[in-house]
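We call the chains A, B, C, D and E, going by the order they appear; numbering starts again at 1 in every chain.
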């Protein structure tokens, strides 16, 4: 029998702490969202506002900006905790580090991934995405954004002790998440053409399962190396 | 007569320090370039590899990556210096703070803006941008990316200090950034159609002048408040 | 098993072993590549469609193959190093990355050169090309991570983790890219690769392939020895062997 | 000083060796620690005291040697060991945007079921009752250190690992640290202390380990 | 202790008052400092010593009162004042990724024309010659503090503002600080010192300011 609190309590504590911190810095929390909106409004402005063209690129734009928005936030996911010494304390708690980092990643997803899912209808409307494709896109985003957050978290844990700048983190993340991007964009594309997206969704779900089961251990291992 | 080193020396010191921090190893200088190559790869993957479509979105892609790259790093531009106490030391040096912050911003531009300008031909080729449009695009990028970096820096100085209101204030930056992007993308677009881009270039140059003359004082003021 | 791995993993042992093997591997590589080149460029008949342009295949295919094989070798070495804490394995992984990346670059370059007459452009967004490009990014990521960490021990372990993650992902990337491409069937691209190849073309290709593989291992051993010199420069055994000659 | 043995060995380091870059920080470091004992690690700046503490906590892997807690390797027994451990490093490990109380609730919540009363008692003891709702960012350096002390008090951990706990404290604060350690030893606790000054702990057994 | 006046007043605080949140940290703080004088500011944790130093450096605006350097308000005369000032705070202000030497070259380069020889002499004096090419991240706590001391030495600043300079230093390090301050005073320098321990400066004039 352990005398220390259970896994659920630890997860919940870490999650609420991170959310509370984020909302103290509400500006930072809004950044990825703002970025997402900017990118999607930029395209109509930068290209010709012809609905057919916009519609043709809508899936690509939505998915690339989702990817880049979570990339944007991954940089700061663990850095501050490592710099102020809190991460050391997490590593020295009786709780599994993988669980705590998973909780941090969940908080990160709630702040960056979930808003994207919720924004999708608006962005889709701005890009003349047919209304029918919206639910499928949202579902696909719901399955894909956690993978983006998890992959970002593993790479962030690997690079956290290192000097910033130079785009090292994006160099590591982008190749790894490419499949998610391809499948996700394809789901939107197929939904626009009225095709059945079941298969793609299963694929995305499978990737998500894989990521959820492997990433926490990877993060913890990476973090212990970075703290050494 | 001052006994302390002149403005040029101070600027140079700050600039080289920041570059050295980013590129401890010479190989790391290639990372920003890699980043753009990757972002460009994402679009064909998310859309379709069809040349006509890629060509149609090429201006959008180039300009969105420019925006992204500048804002991606801007968030953390001053944060670390403030947290580790180096910013205090800058504020306590006999040099004008605005100059030092301008040097930091210049370093940031050299790492994010300049590589983009240099990569534009390759990115353009991959997206089937007509070769004639490339020089104009490069020139437009050369004028626009410093503005993006400066705007990002002002935003960073504001967010680092005014912890709560940071998000709101960064919204104020949008109206500055948007015209730059619109004009920039328009320049590429017009060049693709073989139109004269002189007017747009003058506009971009004017915005750049405005930004260079106002932004440093703004950054310094925001920073002094945040250090109090 | 464990003892065997540890014996193999001892740097002095490796130093001796590789010292005798490098010349052999190098000679095999030189001979095989020479034979393959002659066979490919002069003996094999020109392709009925592509004429002589197809001959670049003798460089393209082996390097494309080694670009993938190299990653697997690197990840395997990294995994051994991480799990059994064998420093030599980390040295092998570190030495392998630039070689694999070079073969990837050669595959991309020869492919592009071939593509110019075939497709009229240097680059198309074809599945195999795209996944080769991603592979190059993976190599670059690995090398960039190593370069960014000063402490060698930490660099070894962190980059090993990255290599392992990458190797899990490579099949997923390959599969997704292929699926992405078949959905679109870009009009301009003629499918590359014809399964039926007449033996006069095939044999030189296999010889080339073997030669490249020997070349790969020879370079890998030389580079690993260089890594060892850098890493073990303060160790007694190294001073002794180098002092002796 | 040699110690009078009492009870079983709880913490043991055997033949520890650590390298950093090109230099060997220490080698063949061994010690045993029993209930109610304090180990004072001393040595000049940069001799590896902090590094040794990190090895003992399991944050850093030593080149050779092992650390045992209750006769089991700590790497095999992580959760159990860390549940009995409270480490205060050079840095304060506080989230600048959370208040002193929030910081403690979070960090202690991961390791023990904690009552509000215990928490307040600890904050009271270090003299931070009035300041407990101030974000850690606005606390003075000494006040931050006191929050860490409160953490050690409320953690209920058996083993305290203290790296220069006197830093930034005023005279009363330094006496508080000594008093805390004495009481902890009297309760059969263990203390690993790194400090350049002499400590003022009279009770319990104190040993000394010279590094470098 | 009262001082024997010597030469003109260089640094002067007049009627300083500072509020933080709801509390008044201090009010009516006035003092004068002449060449060769050391002002030792003491008080319990959280009484506002660091805040006072920041006011004196011009980082924080006081509620009322002014600070004068050579009889001119520092807010009017920033560059000149800052050129004569070296501030070592609680934090080390080092870039973790730059080496000790690079950090100094940069920070000092902004304020004075610096010869390599001076720099090396300063690093030598604090005992970091061997470690000068190690990134600050890998330095021990005491070694980081020594880098800051080297900065003060090589800065050539007239006024040293030292916030707990003894932190993390071993016995030799603390003696070095005392010796540095003595020599600085002998060279007609000024020192503002915040420290909880007594300092060991015999030369020059030392005054004491009690806060809180």
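Operating definition for what follows: a contact is a pair of C-beta atoms (placed from the backbone, for glycine too) under 8 Å apart; a residue touches a chain by one contact, two chains touch by 3 or more.
What you see is a predicted model; the values in this text were computed from it and never measured.
With respect to chain A, maximal separation of chain centres occurs for E (centres as means of Cα atoms). Comparing the centres of all chains, each the average of its CA atoms, the largest separation from chain D belongs to C.
Here the spacing of chain A and chain B, counted between their Cα centres, is 24 Å. Computed centre separation for the pair chain B/chain D is 46 angstrom, with centres defined by C-alpha atoms. Chain A and chain D have Cα centroids lying 37 Å from one another. Chain C has its Cα centroid 32 Å from the Cα centroid of chain A.
Residues of chain A in contact with at least two other chains: 24-25, 163, 166, 168, 171, 174-175, 178, 182, 228.
Chain contacts: chain C has residues 134, 137, 140, 144, 148, 150-151, 177, 180 touching two or more partner chains. Touching of two or more other chains is recorded for residues 96-97, 138 of chain E.
Contact residues of chain E toward chain B in the complex are 57-61, 78-80, 82-83, 85, 87, 89, 91-98, 102, 106-107, 109-113. Listed in rising order, the residues of chain A touching chain C in the complex are 154, 158-159, 161-163, 166, 168, 171-172, 174-176, 178-179, 182-183, 186, 207, 214, 218, 221-222, 225-226, 228.
Taken together, the chain B residues at the contact with chain C in this complex read 24-25, 27-28, 30-31, 34, 38, 41, 44-45, 48-51, 54, 125-126.
Those residues of chain D that touch chain E in the shared complex are 20-21, 43-46, 48, 50, 90, 131, 134, 138-143, 145-146, 164, 167-174, 196.
Residue ranges on chain B touching chain A, taken from their complex, read 21-24, 28-29, 31-32, 34-35, 38-39, 42-43, 45-48, 53, 56-57, 59-60, 63-64, 67-68, 71-73, 75-76, 80, 83, 111, 159, 163-171, 174, 177-178, 181-182, 184-186, 189.
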